[in-house]
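Here's a structure for you.
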Amino acid sequence: MKANVTVTLKRGVLDPQGKAIGHALEGLGFDGIGEVRQGKLIEVELAETDRKAAQAKLDEMCRKLLANTVIEDYAIEIVE
Amino acid sequence: MKTAITVFPGTNRERDMAAAIEKASGSKPDLIWHGESDLAGYDLIVVPGGFSYGDYLRCGAMAGNSPIMRAVKQQAERGVAVLGVCNGFQVLTETGMLPGVLMRNAGLKFICKMTHIRCERSHAPFTGSLNQGDVIKVAVAHNEGNYFADEDTLDRLEGGGRVVFRYSNAAGLVDATTNLNGSQRNIAGILNESGNVMGMMPHPENAIDALAGGVEGLKMFAGLAGTA
Amino acid sequence: MSLAEVEITPEIVAEHGLTTDEYQIVLNILGRAPNITELGIFSVMWSEHCSYKSSRFWLKTLPTSGPQVIQGPGENAGVIDIGDGDTAVFKIESHNHPSFIEPYQGAATGVGGIMRDVFTMGARPIANLNALRFGDPSHAKTRHLVSGVVAGIGGYGNCMGIPTVGGEVNFDKAYNGNILVNAMTVGLARSDKIFYSKASGIGNPVVYVGSKTGRDGIHGATMASAEFTEDSEEKRPTVQVGDPFTEKLLLEACLELMATDAIVSIQDMGAAGLTSSSVEMADKGGVGIELALDKVPMREEGMTPYELMLSESQERMLMVLKPGREAEAKAIFDKWELDFAVVGRVTDTGNLTLMWHGDLAGEIPVAPLVEASPLYERPWEPTPKAGDVDTSIPADMSMSEALKRLIGSPDLCSRRWIWEQYDHLIGGESVKTPGAADAAIVRLPGQKKALAATTDCTPRYCFAEPETGGAQAVAEAWRNITATGATPLAITNNMNFGNPERPRIMGQFVGCIKGMTAAALALDFPVVSGNVSLYNETNGVAILPTPVIGGVGMIADAALSVGLAIPEAGLSLILIGETKGHLGQSIFMRDLMNRTDGAPPPVDLTAERRNGDCVRQLITGGHVAACHDLSDGGLAVALADMAIAGGVGVTMDAAPSNIALHAWLYGEDQARYLVATKDEAAVLAACEKVGVPAQRVGISFGTALTLPGGDTISVEDLAHTHDAPLPNYMAGASWSA
Amino acid sequence: MKANVTVTLKRGVLDPQGKAIGHALEGLGFDGIGEVRQGKLIEVELAETDRKAAQAKLDEMCRKLLANTVIEDYAIEIVE
């Protein structure tokens, strides 16, 4: 089973990287750029074959390691 | 000898570089703000170390797109010597002036320490008084110094004598134990095809003083200043 | 606007951390009930963090003056005179709670905050240090916390381009639920270009610069003043994300503007953000400040006056400019791509007046807000005197095995894994880098002279006997500077303690202050800045009392400074200072004999002074090739440090017959140094002349350390034992000594 | 218009960070973890309302700035 975990900063938390990317895009002449935010994408391969069990496992991984829920949100998508 | 040192928001080793060049050449380099677009009249252009644009997104990516880098490119095409150190090396690869990329250190940590590098070929003006096989002790301070290029590119670099420095020990041994950041083939510095653009990760500019960092970096700058 | 109509109920008052009595004072000051914004302002201004309500009474007893002091505590940072019109500007600051919750960002923003304190004064930072305390290495969280904190400190300091050149790290289970992250910055300014926070000039513009304001860390200051409970980890983001890139721009922009004469006063927005900065500026100047809060650059939509006043968004400053200088200042901030907004003006009302789109959103008289800030003389209980400890050991205990275990232990093993993640070389002025000497030595650009800096504290001593521990921390900082040849000049301090409402904890605080005071006086080492972090407890378990001392000194010629590495064979090793073999509270007893009782080594300040002055003269007189002070682990550990650093062996002389061998090797008597010298006779004679005990304890020789009696370990083995544990542990291994 | 750009390392390029995450997950007692790879997620708000134009613009942003195609692949997903 394969899953994509995305970890993004919570709304309201400063995202210096996103801010700088937005600036740079404008500097390159792209217009109409609104907010830009940067997060992480973590692709995980799992031996687990049961979708539900995998989901639960991934959720635990996120809470324990992949995200710090003080400042980050996470989302899990099982891709195959 | 007229030297320009480019300064981006977040550049932080421009003073160190200026001190090194002044010490070697006796003349003060000009610090040039990133918004400038004309670099005519310089004999040497240095893109120094630091965290241009905070190293956000990818080291060197944003600086690589700034107006002054277009000017640096123009001058390089005219044959002016261009040196990129650390973040400057990253910027030069991002603009395509040098091949490959600098990835995150294999150990996933920032590394600051004194290390040795072996000069693989003597190449004016960048290597100064160094001969092939000479080893100098210099500082490294980077998080993304892990040189990567595909095998073809690496072979082309080697074949063209364009690998200038490799990480080594004091005796000049180059192997996995002396590869501090995971760089392919221990590469610490390379040249472009025409030989007038060099990028390197270590900081010879922090090895110009007997009390702080030693003086072995001066051997390199001696050549840049034409005072070897 | 709903918030304006929030009814101020007793619950809301309590949530803001104000007691009923304190709230009554608020009512008296205003002559009416506060609105929510005003309540928020009182709440943060009177929080422990901003008001020092539990500690102020005792802090006032610290010695803060001396001919070298230009600015003592009370400004953003302390300032001392280092000659030729140069000054050193420095301070230490804690970021303990945020670092526990989010180690990378917590530590990073701590470093960012202290650097702002220093460059607000007009100084360019030249050195960062950090004092860290973590829980037991075997505790589930420790590895993750070490990794995040170190990366965060490096991440911020490296990007700023300021070398991180020193610090200290201890591990103890008392910090399992409450780590300490104290960051110190030292900067340089010319004495005629120091900037202060006192607002003046009625009508002068008040200007906001830096990053935009978001909802970061609202109530961060109150969090830092409340005890931890299990569920505080779940709370809303009270942790800020740092942006070192923006701060680097802010540093350059501020220094560029400071080179003109457009600034009247300047104050960084640290804890309690816009509130504490505007109140402090107004209070110091005895003026009022009116702020149009709608003019504040905002990062998020729908922000309220309450949120704007309490936000702890980082990388921001407030300034009062001379009239008519706005355009010139703005041009500089535009160049550095930073926000710049005129947000108010200095008034003659003595009030903090808050406007919101033309309407009054709050008004508080500044002087009463500051003066009525609560001051508690908390009840305190002295720490009971420690008894004698049984210092006997098994008859067959090997002294070389003991040494290997100690130098590979969590508290004594090499910190290389940490400081290699910090750029300690940038600037090209790092004359003594981490691990090279007892204090870091950073030269002034373009000059011969250099500053020495160190941080020190031995919490187990402070716990056993607070007064001795407080004095010892100051003495050790003084000694570490002295051991490089530099002259100690002044200190900053970070008082990390548990809940001051417990008399026992308050007693630790009082004891440490008394000890620090005695030592600072005896050593002419006044306090010029500092910080207090209380309520470092989790579920009622307090940390060890940890008054971290940051010391700064100066050496006239950096070339005269010495490190601790033995440079060559054939040198005599001279032990300076008296050795009685005091083992109580030693690392040896704690780590090898499992004994944590007993009194710490006594601190004799007269001996400290006499021995240190003698050592410094020997060093600057050129008689010393290497010097190391004796601290944790005593003589044997200090010798091992010197041998490892130099890659040269030492053969020790026979031990004195009147002291047990383990006490000779591992006792932690204070006021001692080891020097390596070619001029044994000259050193001994110089010591004798001033009545300083000195004796040869060995010579540098070969490639092994040979203990008295012939017990031998190769330096290579020692080095490996010293270097390997921390990287191995961080790679996931359990602690292997 | 909002888009998610994901930037991932090309197959064949070593991803020590992903590997370290995999290790750490195993260290936490998760079993059956296969390959883990880490990439970036960049969320961009655009004034552009035409899907096709937005797609083209984003593609250009990726080539010019967001990805280094020597080692990275990118994917664009327009979300609304």
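Per-chain residue numbering starts at 1, and chain names A, B, C and D are given in the order in which the chains are listed.
Basically, a contact is a pair of C-beta atoms (placed from the backbone, for glycine too) under 8 Å apart; a residue touches a chain by one contact, two chains touch by 3 or more.
Keep in mind it's a predicted model, so treat the numbers as computed, not measured.
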item	value
Set of chains adjacent to chain C and to chain D	A, B
Selected pair, greater C-beta contact count between B-D and B-C	B-C
Geometric centre distance via CA averages, chain B-chain A, whole Å	34
Geometric centre distance via CA averages, chain D-chain A, whole Å	10
Distance between the centres, which are taken as Cα means, of chain D and chain B, whole angstrom	29
Where chain D touches two or more other chains, by residue	40, 64-66
Two or more partner chains touched - positions in chain C	243, 245-246, 337
In chain B, residues with contacts to at least two other chains	53-54, 56-57, 61-62, 65
Residue ranges of chain D touching chain A (in the complex, touch as defined)	6, 8, 18, 21, 24-25, 28, 30-48, 57, 60-61, 64-66
Complex contact set, residues of chain A against chain C	9-10, 12-16, 19-20, 23, 68, 70-71
Chain A contact footprint on chain C (complex, rising order)	101-102, 105, 211, 214-216, 233, 235, 237, 239-243, 245-246, 299-300, 313-314, 337
Contact set on chain B toward chain C in their complex	9-10, 12-13, 15-16, 19-20, 50-51, 53-56, 109-114, 139, 141, 143, 203, 205-206, 208-209, 211-213
Chain C residues within the chain B interface of the complex	151, 154-155, 158-161, 243-246, 248-249, 336-337, 419-431, 443, 445, 558-559
